[in-house]
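Each of the next two complexes has subunit A plus one other chain: subunit B in the first, subunit C in the second.
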Partner chain A sequence: MNFNLLKEHQMLIKLYEEFTEKEVKPWAEEIDETETFPVNTLEKLKRYGFMGIPFPKKYGGAGGDILSYILAVETLSKACATTGVVVSAHTSLCGAPIFEFGSEEQKLKYLVPLASGEKLGAFALTEANAGTDAAAQQTVAVKDGDNYIINGSKIFITNAGIADIYVIMAMTDKSQGTRGISAFIVEADTPGFTIGKKEAKMGIRGSSTCELIFENCIIPKENLIGKEGKGFSIAMKTLDGGRIGIAAQALGIAQGALDETVNYVKERRQFGKPLSYFQNTQFQLAEMKTKIEAARMLVYKAAYLKESNLPYANEAAMAKLYASETAMEVTTKAVQLHGGYGYTREYPVERMMRDAKITEIYEGTSEVQKMVIAANLLK
Partner chain B sequence: MKIIVCIKQVPDTTEVRLDPKTGTLIREGVPSIINPDDKSGLEAALRLKDEINAEVTVLTMGPPQADAALREALAMGADHAILLTDRAFAGSDTWATSCTLAAAIQKLEYDLIIAGRQAIDGDTAQVGPQIAEHLNLPQVSYVEDLKRDGDALILKRVFEDGYHLIRVKTPCLITTLKEMNEARYMSVGGVLDAYREKEIEVWSLKDIEVDHGNLGLTGSPTKVKKSFTKGAKTAGKLYDVDSKEAAKIIIDKLREKYII
Partner chain C sequence: MNKGVWVFIEQREGEVQKVSLELLGKGRQLADQLSTKLTALLMGENVAQAAQELIYRGADEVIVVEDSLLNVYITEPYTKVMSCLIEERRPEIILIGATAIGRDLAPRVSARVHTGLTADCTSLEIEDETQNLLMTRPAFGGNIMATIICPDFRPQMSTVRPGVMVELDIDTTRKGEIINIKPSLVKEDINVEILEIVKEKKQKVKIEEANVLISGGRGLGKIDGFEILNQLASELGGMVSGSRAVVDAGWIDRDYQVGQTGKTVRPNLYFACGISGAIQHVAGMEESELIIAINKNTEAPIFEVADVGIVGDVHKVIPALIEELKSLKK
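Right after this comes the complex of A and B.
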């Protein structure tokens, strides 16, 4: 058992921290305020190899392990949760299913531009009537010669409208229930595929969250990932991996809020003393730090298990459950310790508290994680 | 084009504190960085590499921990890295350092040698120029801009009150200023390659030919007699006046001290 990061991980953290400090942090407030997707940051993320960290070099990636990728999402999210989720959704939800379940041709055609950052990816499972009940898919894909014709719509799709490549789920055989769901790759400029309403959100406001609309959208049969009927399984396994990414995002948000708070309580004086002199402040900080560290252990362990090709779904669920709830608790306490200033947009903890909430909801709500964990206990 | 960049691993002086009793640097817990002037020199070399496919070798003399600075340089895009390390080199002043580095460079092929102007922990600005002298090379110090001109370089050498544009034929040595450029970040793939695929050549005393009388503490003519912390300045005086009055007070004070 060894808790030490490898030297390469330590050097990666140095890179991620420098990059985040200079290229991400200065824009975090503005992209939140204006709900603007961080296009310029994306260009730099691409240049420095952030968009394909865990994929092999032969597919355009950096050839890193899962932890290398997770550390990036964590560090970016310390300053800007939007940037964290852009990378996480792109990597875990679009690149990963193509890498893990796609054909060699699909990897060369789609994973290479995704991993090199030439193209941005998104993943579409959720529908208006299929949220946690993901099996209730209504989008259909009908085989027509060498093509599939897709009809239906998806909602709440991260990176939508900006992404070039989408991994989507659609029913190919309704009579089979979840075994009638299939996964497809759809390019953004495919006729019949349009972007619908963009959501106005509480947090991660720089990220683009939109509806996808398919109206007789024709895609070649080569874009089916795996076999027909395997879509639900692909989606669930993809989300298992994605949860480690979101857990890392939550961990980053929590750590970022704690760092801000530590600085603040040393500066802010009340009753003639800095807030940090009061035992209430100290105890709050101690609890925040301890929970963050516990979350970090869960997140890194889940990353380690996935990297080692060991079962990890249960640990990914625990990591996401605990890290996201820690993010919510820590950011709420951070706002409280900032007092009135924490409630204003003058300090970043207000944004961090809004950003934290989504980590308890997307890529499986906290309740879904509890279902997964309990099912593992009771099986 | 073959370029050798001399770098030094230094404590990040923005995070260094002084021991108030001894007046020495407290180095524990202080992160190490590539000296900023050297990093810009490396960036200049990497830009030449982007432009004309130059081959960039980074060279440092230091303790084994200097490995991290070399890995960082590799992760930014340098091709090769050499660590000169030996107990015999410990305690070197600028003379011993430049003798050792020059001896190592003599074993290598080069068209251009780049060194940062000066290190933030020593501030001597002597090592680069001394290497040029040992190797009988033309040198241009305080370089803030570099352009290629055939097999020569056109360099902007900056002074406090102006600059020179100097055309110099290679091989030559230049010393670079931090202000020269904004150094790139490492890349993710670069970091992974730096640890997994690239190797750092470790050279010790037996790998270079150098007069042993010029090595380490014994070969260093510089002796530090005393180091001390500059006394704190007295608290200033505060005036609560309007800007007109403030300007008058400043001018009077400057006159009083014969500054104007």
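Right after this comes the complex of A and C.
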């Protein structure tokens, strides 16, 4: 058993940190304030090979392992949770299912531009009436000769409107229930496919979250991923992987907030002493640090299991549950330790607190993670 | 000793308002109980032609006061004429419709002749022993019914809520006296100058208050789809509303959005036209009395809450519906 990161991972972290400091942190406040997608950052992420870290070089990726990718999401999220989720949704939710379940043709046609960063990806499962109950899909895909005709809508889709390639779920056979759901690849400019209104959100405000609308949207049958009826299983497996990404995002948010707080309490003085002198401050920081470290171990372990082709769904659920709840707790404490200043938008911790909340909700709520963990425990 | 029941006849552009006819109905009853006369007081310019109908509707006599200064309702000249007539003729009871005009006029008159006034009554009775008028009105937002009497002063004045009393049918065999009076009004009595009278085109009702709502969704296809909804709405005397999708698309204003983040509505009749029935929409309208859904998709979840479901194209179903409604009206 070895808890040290490999040399190559340590080097990667250095690289990610430099990039984050230079290209991400300076824009974090602005994209939150103006709710604009970080287009310029995306250009740079693409140039530095952030968009396909875990995919083989032959598919346009960087040929890294899962942990290399997870470390990237964590580091980016320390400064800007929006940038973290743009990369995570793109990689884990769009690139990964095509890589894991797509045909060779699909990989060449779609994964290559995704992994090289030439195109941006999104994943669409959630509907107005199918959130946690993801099997209650109402979007339908009807086979018509060499095509499928898609009708329906999706909500809350990350990267929507900016993405070029979407992995979507639709019912091909309602009578089969979850076995009647299929996964498809839809290109952004397909006729009959439009983007609805952008949601106004509490946090990760630079990330674009919109509705997708399909009105007699015709796609070729070659865009079916795997077999008909396999969609639900593809979606669930995709989310298992995605959860490690969100756990890494939560971990980064928490670490970022702790770093800010440590600096702050050393500078700010009250009663003639720095805040860091008070034992309450010290104990709060100690708890924050301990929880972050525990979360980190869970996240890295899940990444390791996935990399090693071992079962990891349970560990991914635990990592996401614990890391996101830690992020919420740590950011709340960070605001408290900043006092009144922490409540103002001059300091980044209030943004981090707003960003932290979504990690307990998307890619399966905390409650869903508990269902997964409990089901494993009691089986 | 005061005697007689008076009803102030409210006219607008020479047309007698319905509430005044209702008050004549009630006034007839009160006058009979008190064995006294029912008088209609009609003021304005060129309004005398309405007097005969007032007799047919129950009045024993009509006092017609005509003057160009009474052309449109203005507080001072109307108050002056009415107060003078009261002092001269001493009626026992005066009923005035609780309209914008009535609510303005009645307190002015009551203060000038120094008597009691009960506003916005919903029930009027004569007390057997004392012969006093029992004036009952809802108070505190309708939570308390107060019965008020005016024992020491006369006349007993009351404004009455429109719609609660019942008008009498026209009875052309009824006879009565028409008394024309020339008022002593001077220019100085006009202390207010009316610059302009604006008639609003049908008041903008809020969708929460509509009895009938014709709601459109993305299934209308484009903004023009609202034309047929407007037609249906005018046919049924309702309003148009929509889902968030059509608001987002800019087809209608945000004020008209039904649902969790829009308005919660509870009309007697709700038409869902080309609306899928997402839970966020349904949450805002499921309490409607009768829900009629038109959607071309049999699987649309809106059919789970609809009382009547029509599977079909809105652009075919609604025009057919409008035709049918028109022919029924003929």
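Things worth noting here:
Keep this in mind: the second predicted complex is superposed on the first by the 379 of 379 C-alpha atoms of A that agree within 3 Å, B and C clash if a C-alpha of one lies under 4 Å from a C-alpha of the other, contacts with A are read in each partner's own complex, and residues count from 1 in each chain.
As a convention for this text, a residue touches a chain if its C-beta (ideal position, glycine included) is under 8 Å from a C-beta of that chain, and two chains touch if they have at least 3 such contacts.
Since this is a predicted model, take the numbers as computed values, not measurements.
With both structures placed on the common chain, the touch criterion links A:A72 to subunit B but leaves subunit C unconnected. Ranking subunit B and subunit C by residues of subunit A touched puts B first.
Once the two complexes are laid over each other on the shared chain, residue contacts for A:E8 go to subunit B alone; subunit C is not touched. By the touch criterion defined above, A:Y48 reaches subunit B but does not reach subunit C. Contacts of A:F184 after superposition: neither subunit B nor subunit C is touched. With both structures placed on the common chain, the touch criterion links A:I213 to subunit C but leaves subunit B unconnected. Look at A:K57: by the touch rule set out above, it reaches subunit B but stays clear of subunit C. Contacts of A:Q138 after superposition: subunit C is touched, whereas subunit B is not reached. Remark: subunit C residues 218, 244-245, 248, 276, 278-280, 297, 299, 301 touch subunit A in the complex.
The touching residues of subunit B, when paired with subunit A in their complex, are 68, 71-72, 75, 185-192, 194-196.
If you check the complex, the residues on subunit A that touch subunit B are 6-8, 11-12, 14-15, 18-19, 47-50, 53, 57, 61-64, 68, 72. Within the complex, the subunit A residues that touch subunit C are 128-129, 138, 140, 151, 153, 174, 196-197, 211, 213, 215.
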